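These notes are about the structure you will find just below.
Note that the chains take the letters A, B, C and D in the order they are written out, and that residue 1 is the start of every chain.
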Amino acid sequence: MPDRYAYLGPEGTFTEAALRTLRPDVPDTARIPCEGVAAVFDAVRSGEVAGGVVPLENSVEGGVTSTIAELINGEPLVISGEIAVPVEFALFARPGTTLADVKTVATHPHALAQCRGWLGRHLPDAETTTVSSTAAAARSVAEPGTPYDAAICAVIAGERYGLHALATGVGDRADAATRFIYLSRPGRPSEPTGTDLTSVVAFIADDHPGALIEVLTQFAVRGVNLTRLESRPTGDGLGSYCFCIDAEGHVADARVGEALMGLRRVCRDVRFLGSYPRSGRATEVDPPLRPRPATEADYAASERWLARIRSGGID
Amino acid sequence: MPDRYAYLGPEGTFTEAALRTLRPDVPDTARIPCEGVAAVFDAVRSGEVAGGVVPLENSVEGGVTSTIAELINGEPLVISGEIAVPVEFALFARPGTTLADVKTVATHPHALAQCRGWLGRHLPDAETTTVSSTAAAARSVAEPGTPYDAAICAVIAGERYGLHALATGVGDRADAATRFIYLSRPGRPSEPTGTDLTSVVAFIADDHPGALIEVLTQFAVRGVNLTRLESRPTGDGLGSYCFCIDAEGHVADARVGEALMGLRRVCRDVRFLGSYPRSGRATEVDPPLRPRPATEADYAASERWLARIRSGGID
Amino acid sequence: MPDRYAYLGPEGTFTEAALRTLRPDVPDTARIPCEGVAAVFDAVRSGEVAGGVVPLENSVEGGVTSTIAELINGEPLVISGEIAVPVEFALFARPGTTLADVKTVATHPHALAQCRGWLGRHLPDAETTTVSSTAAAARSVAEPGTPYDAAICAVIAGERYGLHALATGVGDRADAATRFIYLSRPGRPSEPTGTDLTSVVAFIADDHPGALIEVLTQFAVRGVNLTRLESRPTGDGLGSYCFCIDAEGHVADARVGEALMGLRRVCRDVRFLGSYPRSGRATEVDPPLRPRPATEADYAASERWLARIRSGGID
Amino acid sequence: MPDRYAYLGPEGTFTEAALRTLRPDVPDTARIPCEGVAAVFDAVRSGEVAGGVVPLENSVEGGVTSTIAELINGEPLVISGEIAVPVEFALFARPGTTLADVKTVATHPHALAQCRGWLGRHLPDAETTTVSSTAAAARSVAEPGTPYDAAICAVIAGERYGLHALATGVGDRADAATRFIYLSRPGRPSEPTGTDLTSVVAFIADDHPGALIEVLTQFAVRGVNLTRLESRPTGDGLGSYCFCIDAEGHVADARVGEALMGLRRVCRDVRFLGSYPRSGRATEVDPPLRPRPATEADYAASERWLARIRSGGID
């Protein structure tokens, strides 16, 4: 039996699209949809599948809470690949339905948040319901006796469930994207490719601001750039955070190795999440907007701004 | 007509409990439940209500995406109070239902995530459905013809909708808490109380790691402690973040004022979200776990750890 | 009686040349040579003279100990001007003396250190004696019954005492320069010119390395560049230092004012030494040699270097 | 022939005392006085002697310029030992001379600077002359036909040249001390003792303040404490400095090794000057005076201080 690969289902999710791109060699029958992110992790952990794909972060909504929770707290898996997929939402309905007929729309909460503007303009009176995924919304709309008139979902989901598109490009941000990761059981990292990322979770020993500066300095002092820094609660009460960090380079690189050792010495704990080839997504399209040095006028401006906010004005 | 106050509804949410605690003087009829966080913001913005309460962050799930999005992007409101409320989940059903009868459970996605352990142990075969709030789940269970047998919700919600408790304390974390904020239209901040917090959103000019160190240094160099640092996508594509920062002190304090001016000079933009009295929640229950200085043995241990993760071992 | 001005004498010193350049309006009779740096300070302090000029630092030998000691410890004076003068040494003798006749050479210890190469090549067997200044050496050579055959001194000193030059350009460094400062009694600083320097002495509260980083950060965080950082013992035992700092900008500038306030808060003590126009000396002739980011090869090279020095090799 | 050891002469210097303490096993005949610091370095370099002792820094006057110049620029030698010697000055004269007879005093310039107070009180009218060392002053006073009535020198120097003490403890600072170093040709460093120092000279690539912070951070980030930081001109013009650094620990220690590698990567050049046992001198007699966190009152005080110095007041 060939290797099988899990993904966040049902069929037709953006995650399925990500798995297809990351592993074009996998035959259709070897892609296994799972219900919920935790189920994908568990399938990989148990050895039931050789690998799995889940969303990690979205350019509009931020980190995917359940994925990060599994990476941080669950039995360790490592990231061995990543890909960023543009997120294009469409409104799908059963054949015969027109836009004017749509009174109820189902979709995933994140998708709903990203399509609020379009809905407000085109379906101001429609009732919206959130379900577990955009593909689930599409599937539900296709079911007999469904309470929903239309679904906001990916094109592949709408097509898979025999719906037809009432509108495409209904997201408020044309450039929205989601980043997916490929999970494996721990093992020797793949060889460095020259453009790798290394992911870790740092549990700082002390929540004072100096502690985070100390953590960031471990990277900066060795010239290692970070591409993601995301705070997450550790679950141990309000005000207790850990930091999910993606750094440029591979654990086999001298500078990354030294930075990780330093990180481990200053942190309460560090969980290594893998080194893997960086996705070919367009990075640094725009040159970074370096702050020009502040001038005497900037000092005066910042003083006026302070006076304004101190007296209740709008900045 | 007396002032009215909006909160994230429906009736029976933890948010209603927070509003009752923050403003015990408000009569029952002046508390207005709104559907969705955005509706609370809009009610305050329009002047329809004098203030509003929404959840900001949860100790298990992290920041509340929709609240943060409204604070960052919408027409400016300011935070003029905060409170942390313990989150205690219970399983409620219609009178006559026993635990053995429960085949379907409705709740909010975050509540579901926080009760997974209990459900796995006591209702491993129950189907779960997520709805817009735990109070909505309770309300739905109480409706005739409901598809749900039980709801995971707050005790006040279960009671409000005439349900009875099948189990209490069903959350996996006994110490879970949610922090709520009180929103007002911009105006002169209240007087410093000596134990205040100041909230801002910093849009850094450049995403290199040095830039965040630079931002944090603006606070550290003036001895201003941070109590929250949360990265959020700006919506401008993957890899573009802003930082939600809560700092100890009041904008009227010299050090906070100077730090904010410095922040504004090094950032592309800064949004001031208000100075307000800190909630009396138990902070620093545990003394911070300061990292003892690393020893030669720590250096050797970190070198062995690196060798281990480089060769695929588990850290 | 017109104002008088003190300088480190005797007549013919580089310091006299500096005073002539800084104050070309002062008539010859109003320039008062003093014996020793302390005497110049005392003349200004007592009001006997309106101002005074002393050397502050030399590009080869470093800070002038006695000047720095008076600035740090004595009754406060402020710096209200500066000038850098190229230091060109010549060998002068009485008329009739040839190079071959020179058996004994008098000069100042710093001049001796800077002419060692030339002396080794041209007068390897000459005995050298150090006296209190190069001008004093010239004066001494001119005296009847002098034990010295020649003096290493400035051209103006040799000429003033009726000597003739046996050789010019006898310094080992063609680009040697000395920086002189103009001292006044404390008073309102002159108006900012746009290219000013501000001098302070920082007594750090704690000698751990973080303390100096903290001091430097007070400037860096406000974008204030330093042009000089010189450690000096405080006199309170080995290992106790203060730092003489020259920063770009004027105390009236917002950023300099804020940096000085921050400095004062983190230091045990700060002595303000004045804001004054920067001398027109050629600064930044060469663009700063920015360190290129370290490469993997640099990491390997530094590891080999460490192995080498650990085993006793020469770096 | 047994090994011989050079020191900064003539006989009777504090340096001789340091050599006696550092190497009590060396017979009297094997201690070779040299004229000048450079001569000691050259004797070690040439192999003429097995080792040499020179002063490095004085608690009142700061670094010894000529020693530092040889360490920085000359053919490399390494430091393999150090010792701090209390500096106690006495006034010595030929037998029969009384204090009232003293019209001329000879001594070394640094000694003169450190005895100015005593001389002002007890010999206000005496003329002072500076010579190459305090021992040379004593020797000169003992010579027939000497122009000097008395010498300020160490007790051992006065006794060696047959003088008698007119006064002891004539230094203005009772706790003055000088630190001497033992020089060897490069070779494998001695084994770590647990309380070692490591000395280096760092030539930073760029003189902006951030560059020095970067250098210090290489130590701080690895928890390596510095015990000395001294700026020195590189000789390449005003404003070009290198930094002489003494750090706690041995080059064989992991943290020191890693810090040195990091230093080498960020600097234009680094010269390793050796790892050696730390002298048993009383360090940290006083606990470091940690700056208490600045209060709102400190902010107000620093603002008043700034107003004061801006308007010409004395701080």
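The criterion applied here is as follows: a residue touches a chain if its C-beta (ideal position, glycine included) is under 8 Å from a C-beta of that chain, and two chains touch if they have at least 3 such contacts.
Note that the structure is predicted; figures quoted are calculated from it, not measured.
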Inquiry  = Could you classify the chain A-chain D contact as same or different, where same means more than half of all interface residue numbers appear on both copies?
reply    = same
Message = For the interfaces C-D and B-C, which has the higher count of C-beta pairs in contact?
response = C-D
Query = What is the distance, in whole Å, between the centres of chain B and chain C, each centre taken as the mean of its C-alpha atoms?
reply = 60
Message = Between chain C and chain D, what distance separates the C-alpha centroids? Give it in angstrom.
response = 20
Junction residues of chain C, two or more chains touched = 217, 222, 258, 262, 294, 299, 303
Query = Which residues, counting only chain B, touch chain D once they are in their complex?
reply = 222-223, 253-255, 258, 293-294, 296, 299-300, 303
Task = Enumerate the contact residues on chain B facing chain A in the complex.
result = 38, 57-63, 65-66, 69, 76, 84, 109, 113, 116, 130-132, 173, 175, 177, 179, 186-189, 205-210, 212-213, 216-217, 219-220, 224-233, 235-241, 251-252, 257, 260-262, 264-268, 270-272, 281, 283, 285, 288-291, 294, 298-299, 302-303, 305-306, 309-315
Task = Report the residues of chain D in contact with chain A in the complex, numbered from low to high.
result = 214, 217-218, 221-222, 258, 262
